[in-house]
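Each structure below appears as structure tokens.
Each of the next two complexes has chain A plus one more chain, namely chain B in the first and chain C in the second.
This part shows the complex of A and B:
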């Protein structure tokens, strides 16, 4: 198969949710000596982006998103060692810590956002559900994450999204991290009201927001390093 | 299957109650705690919520057992108390049920996904709903309401389990508005879902949660075209908003109830509230729907 055809087949495997094919195509491409970063960029990422588009058009629903994200995971498992060996970042978009806030055990939406972020080139540290606010921050520090992603499904627990932003400010770390919020009761107005950096109405929307935030945080940090004032 | 409640629904609109969780948070339930625990620890608080809804004019109230499947309770380490907490939920509601009024056992989703998206099997789901349905029936409910289901397959597992009690079983799915119309998050469409539930033996079907009363009235028209069964509609009071005074919902009571006549005209037979509604909302709905006071029928 030509390189072009391989890339098309990868995209098709992700869009149709064929996990076995997603994996075998990655193996085949590596065997042909194609650069693993190029495989991701030209083959798989366009596939998961197409899945996001199909969701937004109302053609795809949760089951398709979950299955396509699993295809990306299969491909990544094959490509990651090759990426690392070549000194390339396995997750070029940046790192996130993600969890459902303290007092809230709902994790369906959070899990989906986590796998879609991973599928779209983020290094994802999933802290689970009912996560203490302090832990989001300590893990973000330890994992050198760019973004803290907070999910809440209850109107009572979404207040913890606001508290986390306050806690970051108290520690003098507010500028260091981007905060992305989501969950069934969470709206753009709420995100703006509490001073979050972004809001995900659904998983593909969260990916889009995370990319913008990560780029912004990296820029901010570069600036701080050059100009320590 | 027929029952006094279904006979009533054939004559006039039956009014259900409104939200339970919000009422309990106001009474001091901590956000992380399962509301079902109060069936054992603070039964008087639960009783007073049910009593307020009956007083407001509800024909039927739903038990405080939304998260009462053993699978869901396991998140709190309470799976072994499922039978006890569900039976208590039913007994508490039954203890304040006026003559001629009804108690429905509430069964909410497990929060898990069936394979291949998740790890659950259909037999596991059927088993967990069986435990809950049996206990609610033992506690004396008049019917069972499987509600807020986002996956038709899970709803069908619950329905099979609940029907074993011999009680009438009602089922509501949660539909979202997507670019191509109303679907569950799993992609189940309205007509296909309702006819599958009808075929599986549901006594009444419908929708609850997520949509506000305006959208719900439109959805009712679509549902009416899909099934001859009695139709249930329980709308949210819009999207939640947090202000200085706590959580409020986008729809005012006036706006919320203004769409109730359209919901009834479109063919809803059993109408109640969902998130953001309270006894006052139900009282206003009772006036609009001209629900006679308990014992006056």
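This part shows the complex of A and C:
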């Protein structure tokens, strides 16, 4: 298969949700010696972007969205070692820790956002459900994440999103991380009220917000490093 | 007079009911179910289940579950606060109660959702007391002016103070069960009297797919031992946390509920249990759980049929809406649900008043829904043979003016044959314009205020009121609250 045809096939595999093919095409391309960053850029990323477009157009629904995200994950598993070997960032957008806040065992929404973030070039550390607030912070520190993503399905546990922001401030870490909040009862107004950096109304929306926050956090950190006070 | 046939909704043929139950048994036995509670695992193990303590998985053999079913009562009697009036939950009886545990209230002034506080709960309980077709109360609102740790007990406390109707309630944390049981016991006078005449049903929700959490398993055990009925609230979401097909979801629903039932029976044989649920068709666009979807109602009617086939009383979340305000969607989804629930013979129907995916309650909607429930009850009464012959004698005795209006037969029967709406508009267009072009929501608002201003509180006897207050105050202190908001 020519390089062009391979890239088309990758895009097609992601759009149609063919996980096995998404993986085998990545292996085939690596075997042909194609640069892994180029494989991502020309083959897979256009695929997941097309899926995003189909979602926007109302053609695709959650089952397609999540299956395509799973295809991206398959391809990434194959490509990641090669990317790292070449000194390239496997997840160019940045790293996030994500979880459902303590007291809350609901994880569907969180899982959707986690897979979409991963599919869109984020390094995702999924801490699961009912996650202690302290743990979000220690994991974010350890994984050198840019963003802490907090999901809550209950109005009662939603308060923990606010508490986490307070906890970050107490530790003097508020500026170091972007905080992205989401979940059924969470609104933009709530996100603003508690001083979160962003809000995701649904999985694709969370990806958009995360990209903006990650860019902002990177800028903030550079600024701090240039101008230490 | 010959009794009317009971109009009935049947969605599953016998073969399908059998397959659903068989596959549910098979899931419990072969696939197993997570029970994240050591007490429950031990009880199930003692009853013969195969238990893996490490993975917290239980495998329940068919005979274990079938034995448990034989000790499960097919009907439950619930009593009001005075203990004088009882309600049978079973057979094809239908009782409506407000949808429970809303975390917001629709403010009638601003038409926006906001957090409910003590005053809202008191108004809500009082309003529900005045509604004829709402047989039970529920702890429908979660008061935001107390710490969350005590919010479950506090809503029941206010309810027992304000209302005489029986309650559908539940715990948010394991620790709250004791004070809630103590308050119920204080009202009845003794634990034995409470078990004899249950005053409240406790909801317990498994976590789909196939998992009973620490909190809900414990609630089942505690309630069973206290003789308090448990309502099993399975809530698979099609294609997200349960199979996408309705029949597939019914299998999972049945398995989860059967496990809950088995835990109750293991805790105390004969414990009252209701086969309930709050499943939903999952919205593949928004990831939401539309309670007003027709498929949601089909799942409800389907598992109600399965629960009945298993010989258990049944419950469902129906008669509610996903609308955010009292609009056409609110009316259509609530009416459709209430009527289908009634036709399906759902014994406890939780939903009236509720909006926004079970998260918001509205006093105005509750009075509208009461009217809907009244229509559903009338439908259930069916068309009966009141006279023989049906009409011939009337024609024989009709006067020369051929007027039915003045006929004795009309006057004798019109009130029992026909219901009259309080809120639905039946004016002529001119009269409607002349009276200010009011919508149903406008009339509902007026009706709420009229009912509340005319409400005569009937608190429990002084010593009982003092007893529940003391229990509540003591629990509040353990949650860091020294003064209850209702003292202010």
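The rule we apply is simple: the second predicted complex is superposed on the first by the 229 of 229 C-alpha atoms of A that agree within 3 Å, B and C clash if a C-alpha of one lies under 4 Å from a C-alpha of the other, contacts with A are read in each partner's own complex, and residues count from 1 in each chain.
To be clear about the criterion, contacts are C-beta pairs under 8 Å (C-beta built on N, C-alpha and C of every residue); 3 or more make two chains touch, one makes a residue touch a chain.
Everything numeric in this text was worked out from a predicted model, so none of it was measured.
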Given the alignment on chain A, is it a clash or a fit between chain B and chain C?
clash
Does the superposition put A:224 against chain B (first), chain C (second), both, or neither?
neither
Of chain B and chain C, which one touches more of chain A's residues?
B
Touching partner for A:20 - first (chain B), second (chain C), both, neither:
neither
Thinking of the overlay built on chain A, is A:1 touched by chain B (first), by chain C (second), by both, or by neither?
neither
Could you say whether A:212 touches chain B, chain C, both of them, or neither, answering first, second, both or neither?
neither
Looking at A:169 after the superposition, I want to know if it touches chain B, chain C, both of them or none. Which is it: first, second, both, neither?
neither
In the overlay, answer first, second, both or neither for which of chain B and chain C A:32 touches.
neither
Quick check for you: in the superposed arrangement, does A:84 touch first (chain B), second (chain C), both or neither?
neither
Quick one: which of 290-298, 398-406, 452-460 or 470-478 on chain C sits on top of chain B after the fit?
290-298
Same chain A residues contacting chain B and chain C, which ones?
58, 61-63, 105, 108, 154-156, 159, 184-185
Taking the touch rule as given, give the residues of chain A at its contact with chain C in the complex, in rising order.
58, 61-63, 105, 108-109, 112, 154-156, 159, 184-185, 202-203
Within their complex, state which residues of chain C touch chain A.
103-104, 142, 148, 151, 172, 207, 213, 237, 239-241, 284-288, 357, 359
Which positions of chain B touch chain A when the two form their complex?
22, 25, 30-32, 75-76, 111, 113, 116-117, 178-181, 183-187, 210, 239-242, 247
Residues of chain A that touch chain B when the two form their complex
56-64, 66-67, 102-108, 129-130, 154-159, 184-185, 187, 189-190, 193
